[in-house]
Structure formats: structure tokens, C-alpha cells
Amino acid sequence: MATASSAASTPTLGVGMIGYSFMGAVHSHAWRSAGRFFSLPLDIRMSVLCGRTPEAVASAATTMGWSSSQTDWREVLTRDDVDLVDVCTPGSNHAEIAIAALNAGKHVLCEKPLANTVDEAREMARAARRAERSGVRAMVGFNYRRLPATALARRLVDQGRIGAVRHVRAQYLQDFITDPTFPLVWRLRKEQAGSGALGDIGAHIVDLTQFVTGEHITGVSGMTETFVERRPLPEDATEYGDVTVDDAATFLARFSGGALATFEATRLATGRKNALRIEINGELGSLAFDLERLNELEFHDATEPDATAGFRRILVTEADHPYMEAWWPPGHGLGYEHTFTHEVTDLVRDLAEGVPPRPSFSDGLRVQRVLEAVEHSAHDSGRWTPLPDDDAEEP
Amino acid sequence: MATASSAASTPTLGVGMIGYSFMGAVHSHAWRSAGRFFSLPLDIRMSVLCGRTPEAVASAATTMGWSSSQTDWREVLTRDDVDLVDVCTPGSNHAEIAIAALNAGKHVLCEKPLANTVDEAREMARAARRAERSGVRAMVGFNYRRLPATALARRLVDQGRIGAVRHVRAQYLQDFITDPTFPLVWRLRKEQAGSGALGDIGAHIVDLTQFVTGEHITGVSGMTETFVERRPLPEDATEYGDVTVDDAATFLARFSGGALATFEATRLATGRKNALRIEINGELGSLAFDLERLNELEFHDATEPDATAGFRRILVTEADHPYMEAWWPPGHGLGYEHTFTHEVTDLVRDLAEGVPPRPSFSDGLRVQRVLEAVEHSAHDSGRWTPLPDDDAEEP
Amino acid sequence: MATASSAASTPTLGVGMIGYSFMGAVHSHAWRSAGRFFSLPLDIRMSVLCGRTPEAVASAATTMGWSSSQTDWREVLTRDDVDLVDVCTPGSNHAEIAIAALNAGKHVLCEKPLANTVDEAREMARAARRAERSGVRAMVGFNYRRLPATALARRLVDQGRIGAVRHVRAQYLQDFITDPTFPLVWRLRKEQAGSGALGDIGAHIVDLTQFVTGEHITGVSGMTETFVERRPLPEDATEYGDVTVDDAATFLARFSGGALATFEATRLATGRKNALRIEINGELGSLAFDLERLNELEFHDATEPDATAGFRRILVTEADHPYMEAWWPPGHGLGYEHTFTHEVTDLVRDLAEGVPPRPSFSDGLRVQRVLEAVEHSAHDSGRWTPLPDDDAEEP
Amino acid sequence: MATASSAASTPTLGVGMIGYSFMGAVHSHAWRSAGRFFSLPLDIRMSVLCGRTPEAVASAATTMGWSSSQTDWREVLTRDDVDLVDVCTPGSNHAEIAIAALNAGKHVLCEKPLANTVDEAREMARAARRAERSGVRAMVGFNYRRLPATALARRLVDQGRIGAVRHVRAQYLQDFITDPTFPLVWRLRKEQAGSGALGDIGAHIVDLTQFVTGEHITGVSGMTETFVERRPLPEDATEYGDVTVDDAATFLARFSGGALATFEATRLATGRKNALRIEINGELGSLAFDLERLNELEFHDATEPDATAGFRRILVTEADHPYMEAWWPPGHGLGYEHTFTHEVTDLVRDLAEGVPPRPSFSDGLRVQRVLEAVEHSAHDSGRWTPLPDDDAEEP
């Protein structure tokens, strides 16, 4: 287990976090824990938690380990004890907060999806590129890149162990809105959530497959569906309102190396609780992953003789697996929340070393463009919708 | 174990089979075995095996248990000891043989896919409807309907155990042409095979999902790909020829009940040997099946309390599972070939009872139309391609 | 697929079978099928089926494919058209029939367990050794050696892929007598069955682990238990009788190479239908098998780097897997009954080549001695009970 | 997610921890985290960390979140800011420290196994009973009782869902000393470790099966083995020393309700990293658990109709699963370390409510007696060794 050095001379990194619901809780845990397990070049100071309701945010700050609380996020940007702003609000105000923070010279960690629209995401990517020139960094929080299993998958692809990629199949299946009486929460309203399953969970598989393959999506053909068109209001179950986002989205895609891909994101896959499943078939081997078994990676090495070839279940808990040098002995699995511990660790190290952290806001924009292309295709009879070349985005 | 009665009074069913390669071998096993395990109303007589090469077909007839052999399929149609013709040739001559047999008053069992084109399939369906008026029956051999596991899936859907279907995801993954030096066999040439993965294995998942859901596909949006465009000739590996069929096909679809579906058929999914995988999510439950574990069905009952709900692995080997009354004690799994034993059993019983067997040639035509729509969509930028209403086909 | 030659010159092997319930049905299928799939040096003639009730055995003979039937097994031994006697009766009369058949110069295939007692088994092994001198062969039917998966396991051990064996854990779990109202059938009476779970299913894991490891058991320490001591009579459920065999047996053992082993056989493992599970840990690797997934073998290669090591699931359906040259393409799984098809194939080939078939009656005796030692230990407070050196048995 | 109240009026619980290697790291994480996720009735104060080397323990204290450090554990017992002593040292000095702490009026949490010998464990249990009279509490850290999956298993047994228990099979398989060049670390020397696999990991499965079944073990019959008798010294690999503990232990056991059990603990099960596997078969159902998939529990309900019965894989991540009210949404798995977070949570709540926490030192003694009985049996030819009635231990 690596242990953090805490010599008096270690420089500090003051953090201010905006938002404190589900994502706020796991981010707080990550900020508290990273330095306990990993040797970090910066001392993390959890300076301030920001939320709308004074009493609630103060109480949350205490519980979650923040030194102070605030109700106006703009104030956070002016504090000397804040070097980095962690944006955990809903997508609809990511752009405003993140751009202001960057402009104020604060590093930014922004939860995914980067924004609710491509336009916002493009503005954010531009702000990030501008900020980078003065050493101010921006990162978007696609935490599933930070699982030992997915990072190992990336490493194996990078080492050429599966050869040229032929097929990608990716699903993110949940079931929590299967029941038609599930209420019309904010995640089901376009104005706040931007989109439904597509942006919330589809974004993860778009980013993750691009990360693991090291390629990007060049075009899509998609369909979306809202199975339950009206749902009871959260505040009054006798009243109904319109669901204005997709319940599910499916799309075909092509990767830059020529691979054929299928994607599916839904919250009505009964019995699948958090089944982010990825399978990648290459000329020399295959990889398969399921988030419901997050400490495992399946790997098929097609260069093995037929008689002994087979998908092997790698328990990704060995000391030489990604991130595992800091953790428990083999076979002692990690939990979901340490994707964020690793995210924070990587970010802090990159900040100290002056390396631009990934996924960058440009990476986040790329995901956003894929999601938008799916929506366009879905509204145009599934017609093939190519994605613009990345360079076209650059100013 | 049911035992077949073989009293002298049992009427007979004389069978003539055309073709004797892979499919011929499993069909022969089925014709030999059905009456050994199931109580059949007709005594099967394996009258004649037909193939092109006199010596080879005679030898095969002996090995496979046929009383005689012949080299001209038209002769088979004139024999008095042939009541049923079993067509096991490549798809390109299904139509000619099957229609002639029906016109000659012989029942027909035709291997899938029904034909290489919709036009041929339509002719065959018409011939079948005509023949049916005089009690002559036709059936297409989608054998995977006859697994205890898939038949149980159908039964559970029929009983309402999963409620309204929301999602279908179906894959048929093989890997035998991953190696680019795999030769240009007939399955890779359009003139004989009609299509590639799409027609060969995609046809199975189209039929099977329609069977299990009890619904039909109303439209598709597809892509196909030929990754390896030229391959060495089987007769001379130093020469190369063009692959003229798809290596892989993916498509989105909509079912008649509104479900969103993704389909994928490929022979380049490294490490997947025979992974016909189907998952169906309904409002009240889900089903999952993988042909690589053919004696199992996974079932999630969403009406269970959360605390004890989970996908259960049903070993489909109990006496009250479909077809299992004839077989071994619980837990003693069946093999692939008994899908055909069951197919023959169902067919013989239907013939004796005067019931039109399923899947009918019209069912086969429906599959063919889906495949054609996928190809059309793939050639038209993935554009949504609706399927004509079934009634439109009727004469 | 290999095809059987059937030239007129092929010598024949006439078979007579005694008994025709469950085992009779699978043996008949094997005798019918072996020559259809494998190229055999002898033409199998299914001459006669023998059973007690004239009408029933005649009907069974027709259904199962035997040319004639008989009610006195001694008559079978005198027939010229019988070269081999297949003994499928309950264990209590294996010895009498098998010894008489061998003395009459007939080859014998005897179902497992070889006998109900070590004394009987020893007599049988002696008779087999005597017969062997005149070229008459005997084999005991431990069919689970003939699965492609278990035969592959044996091959991998033999190739040194797992190194010195450290641990063997073997379970045979069924659940069909869990319900205390399950009737007192013959399998639950000592006079016919010899023992309960121990001899019926425990015998299989004793033989199979010795086969796969290539070692023998040198001592045991055991416990047995009869949970349900009285059960309703099959003929009158209002009357109860004593269960006189074990419901379950567990024992520790040592293998000749020093490995530590645990064994368990039970028919009250609720939900386990036919879970013959074996796991073997060696210095260089491990193997795991479960009969409920009979087409799979798990193999861990500990010489792999940690980062990519894991139990691989081998689908044992490739052409170069044991027995698979005769069967279907990769991924098309076999069923339980072909263990017997392979058993018959191996036996017929050994007979033609003049090779003593395995497992021999001496192998069967060895298993019987292990079972007896378990019973002795169980009756002596679990005390360690060494097994006599094999040579001590020889005359 | 529950949030901890932190009103000024919440009473505090000062904690001093002795030892800070592997167990110290996970315990520290638990003390830091419990109040962040669970609403606790006491405010945890991490007062002091105690270790032998001044500089190292001071650095560890900072990294792990302790306010101060100390090198003499006796000093810890005199501090006013310590209400509870957490003993994380090797087993050989558990007794001395724990008894002294209890006598000093400090609550004690003691890592497992309770002690290296039954005599020590008995003294500790006596001290705990004495202390309890004055409200001073003691608990032994069998953390695997605190997994949501094992706690759910206990709940299901308690609810009668599996009926009378017939079989228990428990394995704890690791492989880290398979390589004969693995050095002779302290865990392989009897004077420090007490025993090998038996006490280190065997203790866990003894406690856990007794916990889940709600029964106790009444006798055992065991074997132990040291496969690698000499190993290189950690300080000089050219020198070898004797391994003085077992590499592996297997034993048969009987539970108080009559169930038959098999146990196995080993560190040479190649490829098994942390396979604590438990399967329990009852008259009405079965349960199966594997620590390598710690967020899952398999449950078979035998009262289901055969047609739909099967082992269901419960993802134990629902809000109404044990401990899950505090964590993430369904399907977001927990990691190994939260067994300790839950342990601390339960302990703190019990302390506040004045309830004797479990497992008590008497529970720990019970486990120790089972381990000792296994060793006795192993040294006496596996002879059945009954366990004394619990009451016999009481003063």
C-alpha cells in the first residue's frame, strides 16, 4: 500500500465543490480518501462546499468533511483557499459555472455529461483551451475510465493484444423507471436533464468505448423511445406531466478504425441494475466487461491454441493492475466509489506535473457531439449521421 | 421417458432427404432418433437419401441410416415410399425443390433460410398455401425454436410473466472467418449463399425473437460490412477472389408491440463460437438465453420483492419443461442435435393431427423480408425501412 | 465429421444387453449411434435385449432398436450373435451376470458401480484378469471419463499443465430426495442398492478424480448420514419403511501424489440437479468442471503473468478436443448421452485393436474399495482408513 | 443516503488503535468513513495510533487520520480521550492487550482470530464477561458478517426461507504461497501466527457459517498439511527455515441442527485469490456466496414450481438490503473495506444503545475451540473430535 507523504513542504490544493447530492457524496469521499491511499504530490484541502439552502449545505459540509459552506457559487471562485472547482450540479448549469471558474483561474473538474448541448460543450472546450495556455486545467468526470478493469482493457488494447478492432457492443442497462408510476423527476424533463438515458448513461458508454479502443466514433444511426409518455408529478401523484426525454436510445456506429458498433442505453431493462456492458472483438482477441461485476475483466486471447483458448476471467485486483498498488491484497475487490478516488488521484498528479488531464473538455465535447448526432439521426428516420472531423472544431 | 408404440397398425411416414452435409447429418440423426424417444403417431421410414455423386451418397445413406440413395432429386418426388421431402441443400435451390415437391403432393421440411431472396420465398409461401388446401404441409427448419430453453421462454412470455416487451437485444456471434487467410468458401459467395452472416445466422435471431415475443418486426435500420474483402481460393491459396457477402450485419428494429431492438450477426467475434444470445426485457420481467449454454434460461421476475429478486438460472431439464418428458433426469443436459429431433417430432405429430406445422413458409418469408429490408437500409445510409403489412403479401 | 465405413468386409460385433430402464435407454442410444458418427472397425449388431417381463421387453426392444428380446439372461450368453454382454441391471446382480458372461467367452461392459461389495468386485476383477488371457475383455462404465471436457482435463494434467496436484475437491450434488415424502424406492434399500449417494454418485467422483489426476486415493476419513430415516412405501404411501442407505456421504482423502482432497455426495442439495463438480489445484495451474455445464472446462494457467491470468472458460467443442472430430462445428454443445456413445466407441476400437479397455474391472474394484473404506471410517468415528496397496489385490 | 447528524450535543467516542499494517489501514478507513455515510449516535474521535517505531507510527497517524501517535500501548489505556481500544496487532499479543484494556475500562474491538490458543481466548472471554457487568463492551472483528450479501443470507435463514439446514460446504481458497520460493514470513511461523491457513482464513469460514446458519459446530474430523516444508528466509533467500504452520486444512463437521459440513482452508489453490465460498442447502432452499463476487448472493427457492425454479443471482445493492440504505443506487457495488465500515457502525450503535455487540469474545472463543479441535483431530488420525458444550466454558 502506498502511503501519502505529508511533509510540511507539500504544496496544497484547495478545493471548492458546487453541488452535494449523489455525485457530491462520492466526490467528497474521493477528496477525503485519495491522499489516504495514494501518495499525492499535493495536499488536498477541502475548503468549501456550495449549495443553495444555507442550513442544508452547512450540515452536508460537516458530514462530508468540508471546512466551510457557501450558497453562492460565484463566491467560491473568488476564494484564495480554492485552487480547483469541482462542478457536481445538474448538466444545465455546467457551462456557466465551469467557464466562469476557468476564467477566474481555477482548475475545474466537471461532472459528465460535459453539458446539455453541443453549443455549451463547445464553449466549454474553448474556455478550457484558453485556460490551458496559462496552466489552468480542466477535466470532465467520466469516472468509468478509472476502474482497474477498464484501465486494464485500455492497456491490453494499447499493447496490441486484441489487434484491429472489428466489433464494439456496448450497453448501459438500468431499470429504475420501468414502473409507469415512477414519478416525473427532474431527470425526465428535458430542460434540466438535456436528454434521458442517452445523455445520462449513454454518455458513459460512448466515452468508455472510445477510451478503451483508442479510437473515435465517425458516424451513427439511431433511434430513441419514450415508452411511458406521462408520469405522476413528484409533488402530487394524482397529477400527470409529460416526459420530455428519451426512456431509451439505441444506435449503430462506426469507429475510426472501421469497427462496427451497437449501442444501447435504457432505464427500462428489468432486472439490470447497473449493467454497463462492453464487449470488443479484435482480430487477435476480445475483451468483455460488466459494471455489475466491476472487479473483473474477461479476455480472450485468440493466439492461444484452440484446445486451451477461452475467455478468461481476470480478477483485476493484482498489484500490477492499474491503481491496485494502493489497495488490498489480491481478490479483495474495490467498490464503485473508488472510480472517483482514482479520478481525483490522477487529476492531482497531473496538476502537479503540469500535464493536461484527460478526459479533457474536448473529449467531453466529442461525446456530446455523438449524443447530438444520435438525436439528429433518430429524428431523421435513422439516417446515417457522420460526425465532423475533430479539427473542424478547433478555433 | 416416453416410449414409442410401434404396433403394426401405426401408419408410416416415408421420408426422402435431399443433401447430406452438416445439415444432412443432423437431420438424419433426428429422423433416426425421434421415434426412439418420443411416442409418435407415424412410423418414420427413412426411404431415400439424394445427392449428386453416386458413390458418396450411397455410402452416406448407409452410414446415416437411409434405405436407398438416388442422384436426381426429381426422382425422389415420384416415389411412393416418400411422403415427405426434407430439403437440406444450400439456399439457392430451396425454392425449386420445395415447390416441385409440394406440387407433387409431398410434405416438405425445408432448411432455413427459406430462400436466398424474397421473391423466391414469396413463391414458396404461395405454393405452401396452395398445397395446404389439399392437406399437404410445409415447414421451415428454424430449429432453435425447439430448444427446451427457448420453448420455455416462449411459454413464459405467453403466460404474461414478463409483461409488455420493451427491449429485445439479439446477437449471433461466431468467429470462424476472423483469420483473413480463411478461404473463399461458398458461404462467402453471394450467388450460392445469398448473403453472409445476415442470412446464415442473422436469420435465426430474427425468427427466434419473433417466436419468443409472439410479435413481428415492423421496421429496421441496418448496416453491413465486409471486413476482409479478398480471400484465398479454396482450390488454390495463392490466388485470391472477392468476398461478395457481408461478414457482419447490425440493425436496429422495432417490434409490433413497440419494443426497441438491436440485432447483430457476425462471424468475426473472436472467442465467441456459437453465441446466439437473446435478452428480452418486459415490464414485469426479463429473459436471457445463450446458445453456448443451451440447457439454461435466465429469468428475472420483477414482481418479486427487491430483496430477493435476481436473474435465476433455470436448468431447463425438468420433466415439465418443453420436450423434457422424453429425456433424462434433471440436470442431464441435451445436445445441439436434439433441436432437430424435436423439430421432427413436432412435425410428425402435426402431420398426423392435420395441424399446419410452424414455422410455416409464410413465417420463413417474413424472416426473409426482414433480412432484405436490412440490406436495403444498409444500402440507403441506414434509413428506416418499414416492413410491409403481412396481409399485403397474401394473394 | 468422420463417417463410418460400412464395407461388407467389416467384421461385426454382436451385442446383447441385460436391463432396459434409464441406463438401458442411454446404452441403446449409444449402440445405435456410435457407428453413425465415428468410423468404427467393427459393425455393431444390436442382437438381443433381455428383461424379465416378456411383453415389456419385446416392446422396449423394438423402440430401442434391438433385433430380438429374451427373458432369461443366461440364454443371452449362449447366443452366437452375441459377442459382448452389456450389463445394465442394478448393482446387486452385476457380479453373477458379468462373471458368467466372461466365463462364457463374451466381452463385458458393466455399468457402474462395479458391484455392491468389495468381495463381489474382487471376484469380478479376478474373472476379468482370467478372461483377458484368452482375449476376452471387460470394462466398467464410468461414462464421465468420456466427456470432451473431462478427457481434456486428463490431457492437460498429463501434459504437465497444472504441475504437482495439491488439492482435489469433488462434489456430486443432486436434490431429488430432499422432500421427506419422496418414496422408499429400491435405491434407498441396502439390499438392492448396496449404498446410497455414496455408491450411486460418489463412485463417479472417486473414479473421475483418479482418472483426471492419474493418481489413486491412499486413504480416507468419512462421515455418512441418513437425514430422512423413514419414508412412505412406493406401493402404499400410508405405510412407512426404513431407509437403509446413506442420504449423503462426505470424506477427506489423500491422493498418491500427496494432494489433500474433500469429497461430498448427496441427494439433498436443494437446487443442485446434477452438479458433479471437480476442482483440482496444481502447482502450475488449476482445473474446474461442473456437469451442469458439461461442454465447458475452466483452466487457470499460473505461468501466465498476473496481469492477464484468470480462469478461462474453454468451450470444449473444437475439432482438436477429445471426441470432437466426429461432431458439430465449434460451440454446438453435446448432450449427456454421448458420454455413452464415446464409451462404446472407445470400447469397440479397443476390442478391434486387442487393447485392454479402461476403466478395467480392477479400476472398478479400486473405486469399490474406496467406497468401502469410507463406510468403515464412518462407522469408526471418522478414523483415517488407509487403502491397501493395489498389488495386494493381485492373485 | 443517510447523513450523520453532527450537532454539538452528540457524545463522542475516542478511539485508540494498536497496530497499523494491513488491518490498521482498513480499520482507519472505517473509523474515518462510518460517520460520513451512516447516522451515528456517537461522534468518532480518532485520538491515537500506537506502534513500535516512533517516526513510522507518527507518519502513519497523519496519513491514516489519527490525531496523535504513541509507541507504548499501555499508555493508550490511560488516556482520557480513548474510550475504545482497537487491537490490530498479530494474534500473539491480542490477549494481553485486550484484557488490559478491558480491565482499564476501555471498550475493545479485537481483530480475528481472537487469540492464538484456546487458553488465551478463554481468558479473554472471561475478561469480557466481567467487563460487561460494568458496561464495558468487547467485540471480535469477524468482518465478513458485515457484507450485505452475508447479512442477507443470515436474514433469509432466519426467515425460514431455506428450512432445516442439511449441508454446509465452506472453502477459503487463496494461492499466494503456492510458489515454493515464497519466503518464510511471520505468517508461516507458529510462534507468531499460531496456525497457518486454519487460523488465518479457516477462522473466517467457521465464524461465518455459524453466523449464517444460526447454529454451532458440534464436532470435527480434520486433516492438515504443510506441502512446502522449508522456505527461504525473508532476510536472506539463500538460507532456508522450517515452515511451522499448516499450508492447508480440511475438515468435516457437524452442525447443531444435524447438518453435514465440509470445510477447506488453503493458500495453495492456484488461481483462487480470495475465494471464501459458502454454500448452504436447506430443506426449502439453498444459498451460495463467493467473496470474489462480494456484491452477489445466490438463492434457490425450492418452493417455486420446477418450471421456473433456479438459483437466482441477487445483486445485494438494493436499498432494503442490509447496510445498503447508506450507500449508492442499485447495482453500484461496494468494496471489501466497507465490511469494516459496517463493523464500526454496528459497534458504535450497540455502544450507544447499551447492547452487547456481536460477535462477542465468547463467539471468538467458540471459533478458537473449533480450530483447536481440528488440530487435535488431525494429530489423532482424523478421529471425530466433539466440541464441549458451550455452557461448560462458563465460570
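Before moving on, here are some points about what is shown:
Letters A, B, C and D name the chains as they come in the text, with residue numbers starting at 1 for each one.
The working rule: a residue touches a chain if its C-beta (ideal position, glycine included) is under 8 Å from a C-beta of that chain, and two chains touch if they have at least 3 such contacts.
This structure is a prediction, so every number in the text was calculated from the model and none was measured.
Path length between subunit B and subunit D in the chain contact graph, taken as the least number of steps between touching chains: 1. Interface comparison, A-C versus A-D: the higher number of contacting C-beta pairs is recorded for A-D. Between subunit A and subunit D, the centres computed from C-alpha atoms are 35 Å apart.
Taking each chain's centre as the mean of its C-alpha atoms, subunit C lies 42 Å from subunit D.
As a whole-number value, the distance joining the C-alpha centres of subunit A and subunit C reads 55 Å. Residue numbers of subunit A whose C-beta contacts span two or more other chains: 272, 309-311, 315. Interface residues of subunit D facing subunit B in the complex, by the touch rule stated above, are 152, 156, 161, 298-301, 305-315, 318-321. Interface residues of subunit D facing subunit A in the complex, by the touch rule stated above, are 1, 3-6, 22, 25-26, 28-29, 32-33, 35-36, 59-60, 62-65, 174, 176, 272-275, 291-295, 315, 317, 328-338. For subunit C in complex with subunit D, the residues that touch the partner chain are 162, 166-167, 169, 171, 173, 175, 178, 180, 221-223, 225, 227, 248, 250-252, 254, 258, 260-262, 264, 266, 268-272, 281-286, 300, 302, 309-311, 377, 381-384.
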